[in-house]
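Both complexes shown next keep chain A, but they swap its partner, so chain B is in the first and chain C is in the second.
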Partner chain A sequence: MVNFWIRKVEDLSKEELLEIIDRELKGLVTDKYVPTNNFVVYFAEREKIPAIIEKLMEFSYTRLSVIAGNDERYYMNKLSLTYIIAFDKQDLYIGIRTYLPFYDPVAPSITDMVKAAWWNERENRDLFGIEFSGLKDKRKLVLPEYWPDNVHPWRKDYPYNKPVMDWREGLPDYTPVRETKDVDVIGFGPYHMVNDEPIHWRLYVKGEVIVDAEHRGFHNWRGIEKIAEGRLTYNQIPFIAERICGICGFTHATAYVQAIESLARIDIPDRARYIRSLMLEIERIESHLLWIGIACHILGFDTGFMLSWKTREHIMHLAEVLTGNRKTYGMDIVGGVRRDVLGDRINKAIDTVKKIRAEYKELYNMLINNTILVKRTRGVGVLPREKAISYGVVGPVARGAGLDIDVRKDHPYAAYKELSFNVPVYSEGDVLAITLVRLDEVFESLDLIEQILDKLPKGPIMAEVKEIPANKEAVGVVEAPRGEDIHYVRSGEYNKIQRWRVRAPSYANIPPVREMLIGYRLADAPIIYASVDPCLACTERYLVIDIETGKKTIISDEELKAKSRKLSKTMG
Partner chain B sequence: MNMRKYFEKTDKWVVTFRYPLEPLEPPKELRGKPEIDPDLCIGCGACAQACPPNAITVHTDYDEGLKKVRIFYGRCIYCGRCWEVCPEGAIKLTNFFEMATPNKEDLVYEVVLPLHRCPRCGNYLEFTERQVHRAYTLLTRLPEERRKELLERMFLCRDCRRQVFSLEEFKNRRRDKYVQASQTPF
Partner chain C sequence: MMDYLVYLAWSIILLLTALIMAPLLDGVRRVIRAKVQRRIGPPVLQTFYDLRKLFGLPSLIPYRNYLLVLVPYLVFFVVVLLSILVPIPFVISPSSTVDIISFIYILLFASAILIYAALIIPNPYSNAGSIRELLLITLFELFVAFTIVGLAYRIGTLNMYLLGIRYGWTEYYLKPSTLLLSLSLLIIAYVEGAYTPFDIGEAETEVLGGPYLEYGGKYYGLLLYALLIKRYVLLALPVSLVFVSPIINYVADIFNGFTLMVLSYGLFIIFMFLTMMLFSVIEAFNPRYRVDIVYKPILVSALIPIIGFILGWFGW
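What follows is the complex of A and B.
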């Protein structure tokens, strides 16, 4: 077991911390390499990985962000794993890299120590064929069940355009992961709007109470990273990065271009930095208002839903005027932004912010004084602090559980170093806390937009970029509306990308939903779910299997929502 | 504030539009359908190079002597990169967005340009006539001597150029270059 966060280091500077880490890891690591300002890579043997992770996770404000696998057979005939650990109070990312021989790609599993590694290890097992000794969960995460076990699509010898086999052949039967003798199983999904992809939960219920839950997602997994590694040049990728997510697309594009800019050492103009911040804040408001509306809708408070989305429409229109599109802004490019904020549009933006602030204040007062909303969310779906640390949750979920982490403050990017804002933190860890974090953040974002428009420096919006140096690596981080969005990029030859690993915030936030669901009622499941992500299932139907009689009943989406609303009525 | 008060204050109840029944005017900044002006396009293919989803493609037909710049709006993501990179200003972004159609072929637009023909051997080159003309207009900026030198062979294809300007001349020129290079101080 790891003793999380027992060594308080948040007051130390980056250099002091690096000295301590160097001292602690002496003998465990073999080499050190500093690719960029905020990214340090240590090389280690694979047997030493659990010991290193255990040591590093003892420092306060650390998270296991992502485990990026890579196929480096072209360079050294080996596969590699990079465990990227964030040090949130020092603006530092530490990568632990281990090389695995191609004929024996086995690494020790650390899922028992750090829950954040759970999905990462399963993903690397699927896509690179790296086995993790000691990993109990041998189910597939990313690839479908019918996919052959010895084909690993992210190895470099697998072409990006190879067609997938016919999915209708050899679909295995579903086997539950736990004993279902005395529980009912409720399928939940897979058509689901969480994480912009269908997602499936199996809820094991005793009567009305959820006793366990099982996740199966990635039905809509598209392999965007492989397309980018295979055929796109570095300046075409921002546009496909923007299409990773339908709600926070601009954060993905920004994270990618930031990674490229830091590995190629490009300084972007001040005006471009400010415009990026402006668009990120507009996107945050848009995403939070969308989430508030959906949450109200789930709780049967449709007036809140309508009013929230009415307010949201103003910001969508502003985005359309500033960038040329309501959602896919298409503003980011390596070296700057593509459209300037000029003339009348600044006045338009200021007017819009005023209008939204007035409308949102009324909406805010209405929401927090609504007894149904507060009663339905208080004390529901509690994620304890220790579990939040172990799962490495990010964004409003982390801030609702009392962890004071925000990438805008901790790893300043774009123009956030020159702007002042507060990070709302609540310690309860329930759905109400997460809701309040999101509600408060809208005010902060409105303030930020006003500050940015006030301070907007003059000058060019794009720096000249010629060629991207080969075999450099970097991480790009952005605070998406849902949390930290991290992109690990390694550049390749001919202006292409050798490896691009995207870890969206929901990748860290969905695994703990299992812990949050246990012990609460079935009618609470929608709102617990929704607390993590801005969208909840607009599922066509839910399948209920009565295990004892073997009878299958189908509850429609409307019925489950009606159940949820009925509970609201009894409370109101 | 409770809900009753909120609704007493609100005067405007309907905020939506009856869109398909009444026209909707998009803002003029909207990145909509990109249109290629066939009069200005020279067929250089810069747009096809920049297009992230390969919506614009260039096909060269040496038999008929035509270059076809084809845009398929079904693949277009309306990013506007083609508009940015076009050296001739031939691509225009409109704010037209109602592109739905039952027929896929409505979404294809093609600019067909004649390829340049070598005046000596009669073979087609990979450049269009307009590209060569554009290069010709650029020559006016050069000094007189250099321009004359280039004019002699700019219309010829690669093979004809080799035949017209003999190997000897090449050798002389290379020797000159070599002598010049060796004289430069290090």
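What follows is the complex of A and C.
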């Protein structure tokens, strides 16, 4: 077992910490490489990985952010794994890289030590065919159960445009992880009233009390990164990155362009930095108000739902005024932003913020003074601090569990270093604490927008971008409304990327939901699950509209109904 | 002969009133909720449109069990029957043939049929919803029982027709015990009517409609219609007793016969709308209870009829 955060290093500078890490990892790592200011990569033999991770996780404010697999056949003729660990108080990401030969792609599992590795290892097993010795959960995570075991779509020998298997060719072979003799099984999703996107939870209940839960997701996974690696140029990717999510798409585009700017050492103009922060805060308010509405709806409080979404309309309108779109702003591009914020629009934005603040205060008071609402969320779905660290949760879920982490403060980007704001932190770890974090953050975001509009510097909005160097790597991080959104990018040749790994915040926040559900009631399940604000579009990164291949089929409403009725009859 | 015709005519009027008013009241409820939520909301006739749509849809019964087909008709029949037993003061109707104990327990019987039918369906959401509904009814039993005992002791009758008339007599009405019992009757209408926060049995975002889940098309339409009529019947009892009875008793000396009946009926309709508006506002400001926290407010609120009964015992 790892003793998480026992070594207090949060007061040390980046240089001091790196010195300690160099000393500690001596004998365990073989080499070191510094791709960017905030990203340091150590190379190690695979056998040493657990010992290295154990040492690093003992430092305070560390998280296993993502394990990025890569097929480096054209460079090393090997597969690689990069364990990216965040050091939140030193603005530092440390990558531990190990190479695995194609004939023996096996690495030791660290899931038993650090829960954050659980999904990452299963994903790399599915997509790169890397086996993890000691990994107990051998179920597929991303690919369907019937997918052949020797086909790994993220390896470079699997073309990006190879069609996926037709689902009718095989039937899912789903085996529940738990005996069902002594419990009732309740299927929660993939289509459930409170699931905006498909996810399946098998809830094992005794009476109404949940004794265990099991997750199956990735129903819509299409491998968006593969499309980007295969056919898109650097400046086309921000637009597909923004379409990863319909709620926090701008954070994805920003994280991606920041990674490219970082590896190409591009300094973007001040005005562009401020505009990015402005849009990110607009997106945060929009996302939080959306979540507040959904949470109220789940708890049967439709008045809160409607008032929240009514207030949200103002911010959507403001986004439309500033960018031309309510969502999917299309503002980010490598080197800056595509549209400026003009004078009269600044005044409109100031007026809108005032209007939202007045309406939101009323809503805020209504919510926090509602006894039933507080009773339904207090002490429900508790995620203890220790588990929160092990699972590497981020955003409001982490801050609700007492972890004072926020990428805007810890790894400042865009204009956040020059702006003043508070990071709300609550220690209870229950749904109420997470809710309060989000409620408070809306006020902070409104303040931030006012500050940005007040300080907005004059000047250009685009930097001059020359050639992006090949075979460089970087991480781009953004505090999305749900937490840290990290994009690991490695540049390739011919104006294309070699590897792009998107780790959205929900990818870190959904795995602990199982533990958050156990011991609570069926009635609590929807709000516990919703408390992490799961975004499956981000987690699964599904978006493919393939018009070029001509495979697009349009089914009319009548045909769809007829199919549905036919299916119902066969079931009856 | 004339008496029988009047009796029959009022029975038909009450039946039609229930069939029309139940969806209309639901429409009012939806409009009021929309106003509180600062949105435009549906037209007041929207529930009629919904029912029309449901009756036009193909009906699916996923489990081949004739009881499941029978249940919507049975529940609908029971609540429609109850709707003609509503005691509108001075209106000659079958209410004189029934007492309040039978009235309330026939009403609960309608809920019980639905609950037991849902329990035999192998669907965990239906089962969970039914068990919650059953729990709520059982918990609320104490409240209902004390209200009935309190009424019997205070007013001196359990006959629905007589209760409708006597409840508004000044010697009873202005006493603290009667006020508490009036409040109890309104609470019964609210809780048994499964308005939020007491909609734990259906709880769409948790158990997807509970007992109603496995029904579709006209069967669901019938059940929905039955639920709306049940709410109408539950509301009619406190409206007649608490609001209409004192006013109509006040003017009983001025008007008589047919005029009094029409006036009473008119007042009943007006107060039905007003009470539903009040319920809608309360509903709009409350989230749903969870099954393990609902017992506390229900058991504590049972003090209202208990105190009402004790005060009545001492003649206050």
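Just a few scattered comments:
Just so it is clear, the second predicted complex is superposed on the first by the 524 of 572 C-alpha atoms of A that agree within 3 Å, B and C clash if a C-alpha of one lies under 4 Å from a C-alpha of the other, contacts with A are read in each partner's own complex, and residues count from 1 in each chain.
Throughout what follows, a contact is a pair of C-beta atoms (placed from the backbone, for glycine too) under 8 Å apart; a residue touches a chain by one contact, two chains touch by 3 or more.
Only a predicted model underlies this, so the values are computations on that prediction, with no experimental measurement involved.
In the superposed pair of complexes, A:T303 makes contact with chain B and with chain C alike. By the document's definition of touching, of the two partners only chain B reaches A:L232; chain C does not. Looking at the superposed arrangement, the partner reaching more residues of chain A, out of chain B and chain C, is C. By the document's definition of touching, neither partner reaches A:I21: not chain B, not chain C. By the touch criterion defined above, A:R376 reaches chain C but does not reach chain B. In the superposed pair of complexes, A:N325 makes contact with chain B only, with no contact to chain C. Of the two partner chains, chain B is the only one that A:N365 touches; chain C does not reach it. When the two structures are aligned on the shared chain, A:E313 is found in touch with chain B, with no touch to chain C.
Touch criterion met: A:D184 reaches chain C, while chain B stays clear of it. Common to the chain B-facing and chain C-facing surfaces of chain A are residues 303, 307, 310. Remark: chain C residues 33, 36-39, 58, 60-62, 64, 124-125, 128, 131, 196-197, 199-200, 203-208, 284-293 touch chain A in the complex. Only residues 232, 235-236, 239-240, 243, 303, 307, 310, 313, 317, 320-325, 328, 330, 338, 345, 362, 365-366, 369 of chain A touch chain B when the two sit together in their complex.
Those residues of chain B that touch chain A in the shared complex are 1-3, 6, 9, 15, 26-27, 29-31, 50, 52-53, 77-81, 84, 93.
Against chain C, in their complex, chain A makes its touches with residues 184-187, 192-194, 205, 208, 296-307, 310, 370, 372-373, 375-376, 521-526, 565, 568, 571-572.
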